[in-house]
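First the structure, which I've put down as structure tokens, then a few questions once you've had a look.
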Amino acid sequence: MWGGGMMFNEIALQDDAVHIVKELGVSYRPKGDGYYTMDSVEATSTIISQCVKAGTAIFNLVRVTDVLFREEEGRPTISGLVINWSPVEKLGLHVDPLGMQARFVVDGTGHPAEICRIVTRKLDARLNTKTGDVVGEMPLWADKGEEFTVVNTGEVFPGLYVAGMAANNAFGGPRMGPIFGGMLLSGKKIAEMLSGKLGV
Amino acid sequence: MWGGGMMFNEIALQDDAVHIVKELGVSYRPKGDGYYTMDSVEATSTIISQCVKAGTAIFNLVRVTDVLFREEEGRPTISGLVINWSPVEKLGLHVDPLGMQARFVVDGTGHPAEICRIVTRKLDARLNTKTGDVVGEMPLWADKGEEFTVVNTGEVFPGLYVAGMAANNAFGGPRMGPIFGGMLLSGKKIAEMLSGKLGV
Amino acid sequence: MWGGGMMFNEIALQDDAVHIVKELGVSYRPKGDGYYTMDSVEATSTIISQCVKAGTAIFNLVRVTDVLFREEEGRPTISGLVINWSPVEKLGLHVDPLGMQARFVVDGTGHPAEICRIVTRKLDARLNTKTGDVVGEMPLWADKGEEFTVVNTGEVFPGLYVAGMAANNAFGGPRMGPIFGGMLLSGKKIAEMLSGKLGV
Amino acid sequence: MWGGGMMFNEIALQDDAVHIVKELGVSYRPKGDGYYTMDSVEATSTIISQCVKAGTAIFNLVRVTDVLFREEEGRPTISGLVINWSPVEKLGLHVDPLGMQARFVVDGTGHPAEICRIVTRKLDARLNTKTGDVVGEMPLWADKGEEFTVVNTGEVFPGLYVAGMAANNAFGGPRMGPIFGGMLLSGKKIAEMLSGKLGV
Amino acid sequence: MWGGGMMFNEIALQDDAVHIVKELGVSYRPKGDGYYTMDSVEATSTIISQCVKAGTAIFNLVRVTDVLFREEEGRPTISGLVINWSPVEKLGLHVDPLGMQARFVVDGTGHPAEICRIVTRKLDARLNTKTGDVVGEMPLWADKGEEFTVVNTGEVFPGLYVAGMAANNAFGGPRMGPIFGGMLLSGKKIAEMLSGKLGV
Amino acid sequence: MWGGGMMFNEIALQDDAVHIVKELGVSYRPKGDGYYTMDSVEATSTIISQCVKAGTAIFNLVRVTDVLFREEEGRPTISGLVINWSPVEKLGLHVDPLGMQARFVVDGTGHPAEICRIVTRKLDARLNTKTGDVVGEMPLWADKGEEFTVVNTGEVFPGLYVAGMAANNAFGGPRMGPIFGGMLLSGKKIAEMLSGKLGV
Amino acid sequence: MWGGGMMFNEIALQDDAVHIVKELGVSYRPKGDGYYTMDSVEATSTIISQCVKAGTAIFNLVRVTDVLFREEEGRPTISGLVINWSPVEKLGLHVDPLGMQARFVVDGTGHPAEICRIVTRKLDARLNTKTGDVVGEMPLWADKGEEFTVVNTGEVFPGLYVAGMAANNAFGGPRMGPIFGGMLLSGKKIAEMLSGKLGV
Amino acid sequence: MWGGGMMFNEIALQDDAVHIVKELGVSYRPKGDGYYTMDSVEATSTIISQCVKAGTAIFNLVRVTDVLFREEEGRPTISGLVINWSPVEKLGLHVDPLGMQARFVVDGTGHPAEICRIVTRKLDARLNTKTGDVVGEMPLWADKGEEFTVVNTGEVFPGLYVAGMAANNAFGGPRMGPIFGGMLLSGKKIAEMLSGKLGV
């Protein structure tokens, strides 16, 4: 989000997600037709700042390289992440990663849907998608893509959830441009879904 | 075209395309057997100059990364391009592209036929070719290739057209050497076809 | 600041700068002996967020490549910056930069003091330092370095100011470790100095 | 010139150089205060096209790697260029270059003034500049830079001339932004100076 | 093993492999629950040192690029290795490798199981695995992975054996984290198996 | 051949190819069991020198990028090569190659059998091999590989021949080590076969 | 030391250092004239193993980027090291290093004498060498180099010592080939010198 | 020499060196004015072939990284070379080189005169040149350069000789184009000079 659209540090937003940025304290300017723009640097830094203050632990310079799994009721279930320092991964050094357990894993890696692909490539198992595999994102159709993201936010495999563009890639919906309403609504939906399950 | 054949800054032309370069004001020298040569720098710069003067907007340092689509009459139709700065793409930066709408999209990317491949890879749809996919160019056969380019210039998918070597790649014809008659005739054909549809 | 010390996402702070992070709303935890730690991600994102909300325009993906100057009273004075897209600079593309005028320029480029070096290399002029040149930072001596930064924050050339580690490099003081009190105090000092001159 | 200022494909021009682009057939739009803008793609392609039509031979994909010299009246005189394919140079291949003789050599390499630097580094001789060496360009001062370019266009060493930004670098003047009037006037001046000497 | 887990130079070990490191003279510290930690540098250097003293020839800076084979009783049998200098391979130089004969070949290349893959790709033959091919490792499940390694250590093709993570990859078991008990037990098992066959 | 086996500048030869190196004037030393060694630098330079003296034109710094073809009796026939400067190809520059006609094309590209692969990938046609495709080389078995090379030297597609390791790759035989008897005998066989067809 | 001389995994040793490798348990074979050879892998791994067992902490994947200093009696004294993860340094990431205090710092970086160079470049102070700077190593003269290393092992600046090839570089002595007697004797000398000062 | 002039595989020769290529058996074609051309591939391969047959040992894939020296009569004398595998050097691996003794060392490294530069940089000693240092080659002046090469072939430091372009660089003469007469005459001169001293 930092770079806005084509490095012009502006990003767009629709009516129905305005309440989220308002709550986070990000400024926005109406552009007509139900669209608003935000400064990409203000929006990104404020969202990160509010997330961390609200209790999110962000592991900077760390990269997910694999998942942990267990068999539950005879089916594989994702139970955590395998992580390593991103500079170690970038240089291809032979340094062992570490595992960390998690009640739920959310794939929010965007276009590539990297964690979903790890699961299908390494577990020989089917996702809850029409093909059982990562269907793949379609070309850009902003309106459809925005809706699709929110609708498809949810569980894609036991223990594994998708949100944002990873949902479009996993379930096969169109991509969007630098319009971030769907992203924010998707994030809110998954947060509420999982905090409900966690009982918090 | 700038580099001519193997960096020798000459390019060749046949009889039947001479009227195009004549109209554009590019010099040419007869070499016998219906062939002519042009200075590759003069030819390329003059064609660009005349195109821009005639109203073409050339987005320098910009790269097409995806397409826009809509469903029309239940079928997907290409309705524009997704673009980004080429330096951003080259460095693999995570900066969002922008979409631009278009009445028609012409794939003139040459040998790779990049836009046709985006459509078949991301839309799960068939092109108007014998395999439904990009057939792939054949090895070099100059005479056949020249003809093939012109004949196959046209619509390959609703909203998407091919011209020049992209036509040979999409429909599976032989490539040519640094002879540019077919290219020019293909360009003229697609220009006339689309300006007719646009009513200009 | 994002990466903390050696990628452990913690950064340190002394007593006398606590009031600044308190005002900005960054959490901190006492570690004894007048030292505190902050989460590096929370601290960095919150400072950026508050800066932009307070009116700072941050040009993301832009790099300073040169300065503007004028002669005033027979002496060269820095009057702005020459900027370009950082991906363009990284790839070494031959694309012209643009100039932007500024009442004051602050070199906050840290260890390299890049803008000071541009001035001495291209203007054949002396800085207000003991050698007239960028003296160069000394090895690490945390206490001395912290003090030095604040004391040496100020004008180093007509129109050009230094703050943070660039001050230590320009005037020849020791570097610090990942302790950010001096940085914050230096930033506050230069901000007050220049807003006074601007009459805001 | 292709990339305009910061990839925005526009370039600027002043009043006094308008007659040159008018003569070449490049479109321009007034922006007030004696400034005009041109499309960078149209301007660049048209200048190249007109140059080649007027008889200029442009060696595409070729790079100057050294100069030829002779002693005339006991003084070294530049008498040509040593050239090689640019891909060969870029890959650092050990392939011998070729020499080509020239009545005059014009260093139009812009900011680096590469040919002047070859002469001072390899001939142990003084240029006609205040230091005898390439003085080095100063930071950006658009008005002064524009004037400086035209005034300093001329002979910098027996047989070697400078034009455009190479003149500012060789004689030590300020750089300009993406304003091209001085460039065009400098090019016209050197062309008239040398065609006079050649008696054409 | 040198880098420990995520560059923290510690590695873990379970109860049942303690006797091996004890015999080799590596120090270990109990961490409860049947787990121990070792210094990764001490453990790795001591294992190498003891191996070489015990008669292992380690070809440093050498890389396996292919295998030797013979037909025995109508079936292909691996009979040695094709090796080259690793710097030669890394630079892609066209320098011929050399072959060396071996009674047995053990694939101990870890995650990639490189030698098994050479055999399936180049010999058009089936391994002793459920698919006949390299099944591929599963995501991380430490307990299961540790057991799987030891159980699956053994012959995978006539003349070719697997040990350590290569066994998990070849036969399709889960990976482990930086816990090295299974590795050591697998190594001990294969060593005893082959020294039995060699009659030593 | 220049680098010998693993950069030790020696290469091996068997009894039955000794007459070829003797005729070319390359020194050789017996090593017993019907094997000889040659200095790799002497052998390579002398073979090149004698080839050129005998009339071979070697296009240095040129790379084959495609083939020419024609239809003869309803079947595609290879009729020449498409070539470009290798530095142009290495840098991925968009410079057009040139075509050159040839009565016969011999694929002597060794392990990759590049020209055979171009034919199968771009012509949708079958080679004279058991799969119709490039079968792929097998691992190393020196004796079998040496024989296989000579036996399989010949026509693999109308107009296209294979010799040396390209024959093993195309027809699916084992590779050899740095023993060059088979190579030389294969070269002699193809030379005699084609000079017979050319009537020289 | 791992790679031996030119990747031949052997290293040499003289008479007078044999007692050190004997004590460490490294095998050696006499080669006459007072020289011995060792397997480079056995020698290196055993030395590391014995060092760690004897109490040395080796920080793997860590790189020294600067030093700590204090003023003592009006003179700068080296009082520790500034370290960072080597992958962070290799990628040029902007991540802050950490400082660690030390009673003594020994520059054992070999040919480059990196720590000595940091001191002279950043402290504007003189080393205890004939020029006050790092004198620079001379070409190879094995006998003289071996002696020089041992004689010049010692303090080169308050708090900073040199050992091994760094001593030859700092004080300007000849380099040696892959003969490691001088290295071992230098290491023993510095260890005894500093353990004396530490009173251990 | 392989690449000829600008990849056109032809190289030139003057009258007075024709007897050398005649003796070696290289073909040449008169071009008038006392100049001849040779095929660059034939010339290079034949010279190498004849050199090796005459007893020259060419160490392929080996690079000189330093020299050996001794003091004789109180003056340093070059007494051999320090060599390493070139792939090791190219990758910057920390692998020790080996030394080899030599009665004489000839710097034939061409334009860079690498060995002379090693001597002046590492021995703090003067060459037999007008500056005591490597003077540096001048730009191209073919006739003067050809003469200069032959005249300046000889001893440049005790034990170290220069031949070919290294002589022009060491003593400060002009470079030549792809004309190889001077090279051959320089090689013949140094060979006769040193075989005289060796008494062979």
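Per-chain numbering from 1; labels A, B, C, D, E, F, G and H assigned in written order.
Rule of thumb we're sticking to: a residue touches a chain if its C-beta (ideal position, glycine included) is under 8 Å from a C-beta of that chain, and two chains touch if they have at least 3 such contacts.
Please read all numbers here as calculations on a predicted model, not as lab measurements.
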Same vs different contact residues, chain B with chain F, by half of numbers used: different
Intercentroid distance (Cα basis), chain D paired with chain B, Å: 34
Approximate Å spacing (C-alpha centroids) for the pair chain C, chain F: 63
Per-residue overlap in chain F, given as positions that touch at least 2 other chains: 3-4, 7, 61, 85, 87-88, 93, 95
Pairwise chain contacts, counting only pairs that touch as defined: A-B, A-C, A-E, A-G, B-C, B-D, B-F, C-D, C-G, D-F, D-H, E-F, E-G, E-H, F-H, G-H
Residue ranges of chain F in contact with chain E within the complex: 1, 3-7, 11, 136-142, 174-175, 177-178
Residues on chain C engaged by chain B in the complex (per definition of touch): 61, 85, 87-88, 90-91, 93, 95
Contact footprint of chain C on chain A as seen in their complex: 2-4, 7, 9, 25, 27, 39-42, 45-46, 48-49, 52-53, 58-61, 85, 87
Chain B-touching residues of chain F, taken from the complex the two chains share: 66-70, 82-85, 88, 93-99, 118-119, 121-123
